[in-house]
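You will see subunit A twice below: alongside subunit B first, and alongside subunit C after that.
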Partner chain A sequence: MRKEGLIDSTRFDFSSDSRYRFVSERGFREDLIIDVSKRKSEPEWMLHKRLESLRIFNSSRDPGFGVDTESLDLSRIISYLSPDADKKRSWDDVPEEIRETFDRLGIPEAEQESFAGVGAQYDSEIVYQNIRRELEGLGIVFLDMETAVKEHSELVRRYFMKAVRPGDHKYAALHGAVWSGGSFVYVPKGVKVPLPLQAYFRMNVGGSGQFEHTLIIADEGSDLQFIEGCSAPRFNDLNLHVGMVEIFVLNKARVKYSTIQNWSKNTFNLNTKRAIVEEDGTIEWISGSLGSLKTMLYPTSVLKGRGARAEHLGITYAGPGQHMDIGSKVIHLAPETSSLVDARSISAGGGWAFYRGLLEISSRAKNSRSSVRCTALMIDNDSRSDTVPIIEVMNDSAEIGHEARIGRLGEDEIYYLMSRGLSESEAKAMIVRGFMEPVSRQFPVEYAVELNRLIDMEIESSIG
Partner chain B sequence: MEVTTDFVHNNYKMVRPPRREEVSVGDFADRDFLLAADLASPAMSAFISNRYSEYKKLSFPLWKRFKLTGMTLPDISLRHRTKYTDPNAKPMISLSSDEVELLDRLDFEGSDRKLLLLGDICFSEGTMISVPPRKRVSKPYVFPFSRDSRIMNNLFVSGKGSSIKLVIDSTSSGNWLLQNNRFLIKEDSSVEVLYINRMTERGYGFSNNLYFLEKNAKLRVVEASTGNASMAVFHMVLLEGEGAQASVEPLFVARGDTVLDMHYVVKAISRNSEGMISGSGVLLDNGRSVFRGTLDMRKGAKGSKASEHSSVLMLSQKARADTIPSLLVGESEVEASHAATVGSVDEQRVFYLMSRGFSRERAIRFIVQGTFEPVLKEIDKIFPTFTEVVRNEFAKEV
Partner chain C sequence: MTLLEVRNLHAVLAENNEEILKGVNLTVRSGEIHAIMGPNGSGKSTFANVLMGNPKYTVTEGTMRFMNKNISRLSVDERARLGIFLSFQQPQEISGVKLRSFLMAASQSFGNKTPLLKMSQEVDRLAYNLGLEMELIDRYLNVGFSGGEKKKAEIVQMCFLKPKLAILDEIDSGLDIDALKSIARSINEFRYSENAIILITHYKRLLEHVEPDYVHIYVNGTMAITGGKELSVEVEENGYEGIFGSAKGA
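Then we have the complex of A and B:
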């Protein structure tokens, strides 16, 4: 029997009959936020931060670009659902129906095989978080955010929402007000984490929102790979995901952050990810964005220290009914910084893939280099693919190159492959896999295989 | 009206950036517009008053990259009664109702709707040129801006199988100018246009241009922007007819505190059309360029090809280059690409030239001129009488 994969969509579309300890009322109100903060027994400063963010949210306008959010009624969203489970370090202690969910998603199995540690979030709270004991011994901290707020209060307070401020945009403010769950990672100086850490996020209730916060601090000279996956069953109600990832890459450290986003196609995914990179540090963003109804996501690298580097590799798939407004932002603030952006998109079955990018070379970023490449593949004639990169250069010693290309499935290639015995859809899928390969090979092999399989299925269903 | 970009696909729409308003610019009053309708034919008079009712509702735009803060509009000058000896030319102010209908058909947003409307209403000079079918006019029509003609509004029609050349030269035109040019390029006809934007005074310049190409029509636009005024330049090419072909080749130098905000749009609408945008420029002092190139491959434009390229050389630490290439694709059977580079002069090439006895300054000048040379050569060929003017502009600037 074929081994079931991590992101095969037939495996996602089930919801579990879970018990909840607490489900908040719909909408985002001050009293609800105070109540949740109490339930989490948070320190005072965090409640202040939440209320400050809520005030900003209430007075902020919708973004003047991107996907249309008219159908998203925020007053209908359940902001907080606490599963009836405490955080456990052993899967055996996780309540059975929740454990079953993650079993079906293949998380515990993958943990044993290929990860240094795993965190699993079920609706609003982390239900499982564990790191191999020997890594803990090196001083690596891998905790759910709630526990970190209490146990590493000083560190969290110093970095929490400092890369992305609540005033940055409406959804950053909303996140600041109602965030719940997510992971906190601290890698001490010079420690190289041998295997990736993984976080998995699952939404199990229609009409709910997930607002997890991931905070990573990679201290000087450290090295970390972090992988996040997410999924939800499909509901008739709209779901909302407003997560946030903040990464601080200190001098000479390196962080590789990989995401496979496979939210169900009733989800608004309005996510913010940002990394601040100090001297000679490196951030790598590897993204596979496949799910959701509408997405707005622009992972951002702020190259703050001399010699800092950023790489953004991404694949976006916009299938039937999907509008994916995805891009990248790189801000070069220091001399000798460099960046590479390779954005690929596939649109099929009427989907809309929109690449929106910003590359800024400030006047201080002397001798910086950047290369931005966008490639789009259109599977059929009902889909749409747009590319709009903005490039701003403010000094005379930077070298900037940009190219974009639109491709289609060449008749000749398909004909050739069919003459070799492949069916038309197999031939098309093979070409698409080749197109994605430079990005998909950056994922751990299980993920890459599953990414391919998922795309195959999507292509097959969209060309019918 | 032809909008610059429509933000919709199937049932989805995209959020349209809000239009922000610049309130510091004093606008004309109703009585200024009485002057604007002076001498107008009945059809033109109705056109102007329609436009004015839309104009009144809008404020001037607040742009992020080119600020109009504190801009003063020029006085509206009375029109002169112009006599044309050329049988193909007539004053815009006396257009017939059929011709005004064409003007309405060729309606567009421009760099901003307010400014476009201003040109449609308040032009002090305006000419319609209509070349009969199969007539080939080899001598270019030349439109110089004189000092008191600060707003110009033109309409050009090339009949089937005809060809025409135009030069629109904005030399010594004071510190404020605005031009609207609309082109209907009929089947199998060919139009070649040279724009020379070289206002000597510091100030503001606006240029809004629309080209509508029928089947197998050909268009070639060369634009040389130098001078001391900040400018918003907008060109939109509609490849409406099968097999239509267009190329747009801007050259620019921005120096002093000049901002050059340029937007070139090519929309491939029918089958087998071809479009090309290729720009190169040099920035000096605090000069700033904004190069926007948009290729819009519409559904149905099967077999069409389009490319866009821009390269900017930065010769000053304080210069700033913004590049915004957009590739919008709604048709899978097309070829489209864009590429952009921004950088300084290649030190290895400077070193090589210096090893051959050039001074550093001369070496750089040589390299810079080299970037303009291919287009300048084209100007030599198409507009030989203007080649010296344009070459001097670029030699003087760098």
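Then we have the complex of A and C:
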């Protein structure tokens, strides 16, 4: 089942008749937030954090760049939907209609085959979370955020919203106020997690928002791969996703964070992801952004310790009606840090792919290296592509490479492939797949296969 | 059996209507090898591309029949699936697509149901025979290949796809003598009584290794003279000027 469709949006377009324990009123009001915090039996400090964030949100303005959010009426969004299900460790205990949803998405099957652990979120709450027992024995913590706030209160308090602060921007503040669900991961010193952990997020109700928070702490010398996937059926009402990912990579640790984003095309995806990397640590962001109506997302790496490394590999697909404002930020704060950015976008059928990137090399980051490459491929004349890479270098020992290219599908290439018997659409799809290949091969193979399948379908439909 | 029959073929460059083919005639039967020689810019490559269906050119007059079927309105891939193959002078570089997987995908579009493993082994065998570095099979198609490697990769594709009619456009240009010999050997192995080959070339060097049944001298958008292998020797000795002059005299 998994092989059939992780990304194919038609396969995601089903909603389930679930029961909810609690559905909050629309909009973001203080009394609603206090109520939800009580329902979650949160410690006092978390409620304070929420209310402080709400105050910042209420006084902040839109970013002033990126996608047009005029059609997004925040007062209409349901911020909290609690499915009538407690978090379970066994799929057998998950309510049937919810279990069925994840079955259709192939999540339980994939867990057995290729993951160390899986967390599954249904609307606002994690309904399933499990990690292989032997890994738990190594001291690896993999919990839903709600439980982590209670069971690892000190650790969470030390790191929660410290990489991204509520004051950073309007949607960070909103997230701080109404966050719900998400995963907490702690990997102890020197522990290398042999298989990836996976989190899957599903929205099931139109007009709702999902605000999950992912917090990862990779202690010294540890190694972790984390994969997140997300989807939703298509509704008439707009959906909102304002998630947040914070990753702390301590000395000599390495975290590879892969995302396949396939929200339905009525979703505003205004997401924030940031990693703080200490000495000789490595963060790798592998991002496939395919779904949503409009996205703003700029995964950020702050290279704080000497010798820290960051890699940002991304594929963005902007199809009909989509506006994807996506990029990356790398901030070099320490000497001998290095980074690599390879951002590729495809726009088709009138879609708009906008690359917005920032590379900052501070005065202290002596002998740092960076290579930034952004490439855009436009399938037809209706599509749009823009590239705004900003590079600020504050010392003269840095070594920077930069390349930006926007191209169209080459007629000669299409002709060449067709002369070997491939149809026009097969030839185009092959060129597009080839264009993505250096990034798509970084995904787990099932995801890469699905990515290719999606592209085939999109190209097929754009040719008509 | 007649494979290809071209009658009074005229074609123009689509972007400016410049006429490049000015009444070409050619008949190719199965089992035959035809060499087309001619000066630079005479339109030999255009002829090959018009046969293949390159959308850059528009046929304005005349007919092209392949295996008794009018192919003028067929798309490039339909012609390929009928059994026409063109090896390009400058093959395109396709980033991110490995030669091996490309060939297997192409072969499947021909309806080849051979198991993938077998297909894959066949690719290995053909590359080995040709002396194409094995690692190139798993590199991106033509990306970073030398001129000679690209030519060898084209021949691997031909041998793998087994077309009825292979048009090889300057397959010999830019090759050293060893590469030329191994390509010639593969062409000879490819050849049998039911397929045919059109060699477009400037030099008789290739024709010493792949013996043509007919040599055509192509000048200014049309076949000026047709003869046997001896014509290629004459070209080498007297140049096109000399030949063309003597033909007019005859």
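Definition applied: the second predicted complex is superposed on the first by the 461 of 464 C-alpha atoms of A that agree within 3 Å, B and C clash if a C-alpha of one lies under 4 Å from a C-alpha of the other, contacts with A are read in each partner's own complex, and residues count from 1 in each chain.
Rule of thumb we're sticking to: contacts are C-beta pairs under 8 Å (C-beta built on N, C-alpha and C of every residue); 3 or more make two chains touch, one makes a residue touch a chain.
Quantities reported herein were computed from a predicted structural model and do not represent experimental measurements.
A.B. asks: Should subunit B and subunit C be called a clash or a fit once both complexes are overlaid on subunit A?
C.D. replies: With subunit A as the common anchor, subunit B and subunit C both fit in the superposed model.
A.B. asks: With both complexes superposed on chain A, which partner does A:S423 reach: first (subunit B), second (subunit C), both or neither?
C.D. replies: Second partner only.
A.B. asks: In the superposed arrangement, does A:V187 touch subunit B (first), subunit C (second), both or neither?
C.D. replies: A:V187: touches no partner chain.
A.B. asks: Just subunit B (first), just subunit C (second), both, or neither: which does A:Y415 touch?
C.D. replies: Once the two structures are laid over each other on A, A:Y415 reaches subunit C alone.
A.B. asks: Quick one: the Cα-centre angle at subunit A between subunit B and subunit C, nearest 10 degrees, please.
C.D. replies: Vertex subunit A, arms to subunit B and subunit C: 70 degrees.
A.B. asks: Between subunit B and subunit C, whom does A:L54 touch in the aligned arrangement: first, second, both, or neither?
C.D. replies: A:L54 sits against neither subunit B nor subunit C.
A.B. asks: Which of the two partners, first being subunit B and second being subunit C, lies in contact with A:A308: first, second, both, or neither?
C.D. replies: Neither partner.
A.B. asks: Which holds for A:L215: it touches subunit B only (first), subunit C only (second), both, or neither?
C.D. replies: So A:L215 meets neither subunit B nor subunit C here.
A.B. asks: Could you look at A:A448 and tell me whether it touches subunit B, subunit C, both or neither (first, second, both, neither)?
C.D. replies: Neither partner.
A.B. asks: According to the stated criteria, A:E437 is in contact with first (subunit B), second (subunit C), both, or neither; which is it?
C.D. replies: It touches subunit C, and subunit B stays clear.
A.B. asks: Per the overlay, which chain contacts more subunit A residues, subunit B or subunit C?
C.D. replies: So, of the two partners, B touches more residues of subunit A.
A.B. asks: Is A:I286 touching anything from subunit B or subunit C once the two structures are fitted on A? First, second, both or neither.
C.D. replies: neither
A.B. asks: Compute the least Cα distance separating subunit B from subunit C in the superposition and give it as a whole number of Å.
C.D. replies: 12
A.B. asks: Can you list the subunit B residues touching subunit A in their complex?
C.D. replies: Answer in residue numbers: 9-10, 12-18, 297, 299, 312, 314-344.
A.B. asks: Quick one: which bits of subunit C touch subunit A in the complex? Just the residue numbers, please.
C.D. replies: Listed in rising order, the residues of subunit C that touch subunit A are 52, 54-56, 75-77, 80-81, 85-86, 88, 91-92, 94-97, 102, 105-107, 109-110, 140, 157, 161.
A.B. asks: Which residues of subunit A touch subunit B in the complex?
C.D. replies: The touching residues are 62-69, 323, 325, 350, 352, 354, 363, 374, 376, 378-406, 408-409.
A.B. asks: Contact residues on subunit A for subunit C in the complex?
C.D. replies: 410-413, 415-424, 426-427, 430-431, 433-438
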